[in-house]
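My structure is below; once you've seen it, I'll send some questions.
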Amino acid sequence: MNPKRINNIATAVIYGLVGIVVLILLFLIGYILFNGVPDISWKFLTTPAQAFSAGGGIRDQLFNSLYLLVLTLLISFPIALGSGIYLAEYAPDNWFTNLIRTTIEVLSSLPSVVVGLFGYLFLVIQLHLSFSILSGAIALTFFNLPLLTRSIEESLNSVSDLQKQAGMSLGLSDWRTITRIILPVGLPGILTGVILSAGRVFGEAAALIYTAGQSAPIVNYANWNIFDPSSFLNPMRPAETLAVHIWKVNTESVTPDAHLISSASSAVLIIVILIFNLSARFIGNWLYKKMTATR
Amino acid sequence: MKEIQNKLLTKSKATREDHFGRAICYLCIGLIIALVVCILYFITSRGIATFTQNHVNIWGFLAGTNWNPGSVDAHGNPEVGALPMIVTSFSVTVLAAAVATPFALAMAIFMSEIAGKKGTKFLQPVIELLVGIPSVVYGFIGLSVIVPLIRKIFGGTGFGILAGTIVLFVMVLPTITSLSVDSLRAVPLSYRQASAALGANRWQTIYKVILRTAAPGILTAVIFGMARAFGEALAVQMVIGNAVLMPKSLVSPASTLTSKLTTDVGNTVMGTLPNNVLWSLALILLFMSLFFNLLVRFIGKKGSIKK
Amino acid sequence: MKEYNLEEHSIVKITDEVEISSTDLQVYYGNDHAIFDASLEFPKNQITSLIGASGSGKSTYLRCLNRMNEKIARVDGKIMYQGTDINASGVNVYEVRKQIGMVFQRPNPFAKSIRENIQFALKSNGIHDKHVLEERLESSLKEAALWDEVKDELDKSALELSGGQQQRLCIARSVAMRPQILLLDEPASALDPISTSKIEDTLDELKSHYTIIIVTHNMSQATRISNYTAFFHLGHIVEYDKTKNIFMNPSMPATSDYISGAFG
């Protein structure tokens, strides 16, 4: 065969394979949305789940997912920020820094089920936190930290060195230069990273099954006392999230309308994550423009 | 002069600020390191309890084919052969990576060599979206589309390695693709120009120059994909059938390390053999994750020396 | 390039009052010896130019004077300022940099408003009195000859200014700290001729209050603005004298070759 023919065939094969991938994605999204969206109703979103009969909603699961997300970000963001600043600004170029980077890579490559099991062992059993939102949030923090740290480090590194020199040359402390000059410039990138990580946290289930638990007790949404066991804000109650709910109704439950619940819940999950992804792009760009151009 | 001298020689607010900032950052990074050490320690100490406390033979654990931790075999040894799960885990991992790699390479070549900016702009979100879909959703679709389809075609239950492979294939595809794109883009433009100047056509350039230069990077991408597949729990657990049997065919129910862990940790009592042996499975997962990490480092080092 | 005997040099002792001086300064980047035995004295309230080809070490030397090479390079030797060796290890580098300001080759205003650019460092140093802040804002912008152009839009982002305006803003930002010395690292090399001449005029005004040390590529700039000039070559200071002596009557062969354009 002559080279030209091979070139044409290869190109055709590549186009074909790319086409298949695009079709797979279209199928996935289409399947979820077409099956799920018609079943999403206000009632579905606002009624509690039913274990043995049809017609249950996802009110508590949806709230739990959001609450867990907020708590996770509250715990993981400050730690990731400090670590990201350390790696981007303070870390010297030596074997110890290399070791730290390796450690973070190891953490990020651990399977989430292993992180979840560690959470179970350490938080639920050792620290007696029991199956609770707090255990879940800390476990998700383990899972979230390495990626968030890396994205913060990258955002800070992308800020021009000239800004740091300007701060230094005015006699500002490194810390003030970093927090008040470099950080604001890197903010759009950091925010994008946080929102993207929020999407991953929102969909995570394996790390939660044995930390936040698999049950969603009925809570009182009018009780704002976080220490009251029946309050919706109490972080010490078990909390099944939306992703865990999908897994549970498909594998262990006897709910008659499991398929309907899962497809509608999947659609909700995907839509929320889509919103996260789109807003990450949008907010990042918007903030960047706002910071660099006209105020 | 005296005053200025004094200022130059004494610590100021800025000095204290810097000490404070450094302390905070050291604390944060210290927390992460302590966490990783803790994870390694806890999982390891739990994982080896099977062998130190319950005196299970390591070989019997790794090579045994009967899994029934509650009972003992004819010799009085507990039946904790994990080989079926190990084999299944490796099978789905290798198969998924093998299927996904051609697709991922095609995507990567398309994005970096063929499509202009427009094509990339369209495919980039496609990949990000595939990454963003949660694993339970993949599992759910596998359960409601792939499993029935396999049942229709091959008979049986539909659960098994084939279903697991298909689900994992879609899940590792974006991982391998995006890392491959990075390594193809890292090939200097001058290589392409040199190749074109010698009269090579596009495919010859891609195949003989670009893919070869990017080979270590692509290998790294595949390993990352395999690491993801090996560690994936719920999506696989939903479609694999969860029967601890030596897999006889691609369409018979089986069980991976991760799927066994998710199903059983809640059903066993802490400190007993059936529970301990599950932690040993987790230890295998941990080791494999570290192994994949090492492999990536090793390839990275070799690749960089060659350049 | 011709080989010169770099052990030979001609460095004059200045007769005016000395503001800052270096003695036997050595700079190492890892194992690379970048600056050799640099000893210079800079006259108070005058402009000194550092000239030389790229890579001659003039910028590296300049950055030693306010400890900007910290963590980048190892600097041995003495830098005497106000009777103190500011290169010693116990010295408060933040205080050093407050007294010895620096302006860089590329304009680097903060991504903040013009007002904040000037006032941020002041506030960080504990100046919160509104009157003082506003007074400093106005006076430093005037000193940098920028006031008339920006006085009506002080809350505009500094990144919207032109390159030349940004550079003058950076000068104003340094001046607002009320330093004793201003170090400028090729401040006009990224600018057009009109902006350059504005900066040169500004520097001429500033020298009545500040000691100015400027690195420049541009020899006519050095002759136009500076009182003294030092010529750097391959990490050595070859010649240091009054500017007019350096350009009219250089005593070292390397200097005369450089100013006549034989290399550089």
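Order as written gives the chain letters A, B and C; numbering starts at 1 within each chain.
As a working rule, a residue touches a chain if its C-beta (ideal position, glycine included) is under 8 Å from a C-beta of that chain, and two chains touch if they have at least 3 such contacts.
This structure is a prediction, so every number in the text was calculated from the model and none was measured.
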{"item": "Centre-most chain [mean C-alpha coordinates]", "value": "A"}
{"item": "Chain located farthest away, centre of chain B as origin (C-alpha)", "value": "C"}
{"item": "Cα-centroid distance, chain A relative to chain C, in whole angstrom", "value": "48"}
{"item": "Distance between chain centroids, defined by C-alpha means - chain B, chain C (Å)", "value": "53"}
{"item": "For chain A paired with chain B, centre-to-centre distance based on mean C-alpha positions, whole Å", "value": "18"}
{"item": "Where chain B touches two or more other chains, by residue", "value": "13-15"}
{"item": "Residues of chain C touching at least two other chains", "value": "94-96, 125"}
{"item": "Contacts with two or more other chains, residues of chain A listed in rising order", "value": "171-173, 176"}
{"item": "Touching residues (chain side chain A, partner chain C) in the complex", "value": "92, 160, 162-163, 165-173, 176, 180-181, 184-185, 291-295"}
{"item": "Footprint of chain A on chain C - complex, ascending", "value": "66, 68, 71, 94-98, 101-104, 106, 108-113, 120-121, 124-125, 155-157, 159-160, 170, 173-174, 177"}
{"item": "Complex interface listing, chain A residues touching chain B", "value": "3-4, 6-7, 10-11, 13-18, 20-22, 24-25, 28-29, 31-32, 78-83, 85-87, 89-90, 100, 102-107, 109-115, 117-118, 120-122, 125, 142, 145-146, 149, 171-176, 178-179, 199-200, 202-206, 209-210, 214, 243-244, 246-247, 250-251, 259, 262-263, 266, 269-270, 273-274, 276-277"}
{"item": "List of chain B residues in touch with chain C within their complex", "value": "1, 4-5, 7-15"}
{"item": "Complex contacts: residues of chain C adjacent to chain B", "value": "81-84, 86, 90-92, 94-96, 99, 125-126"}
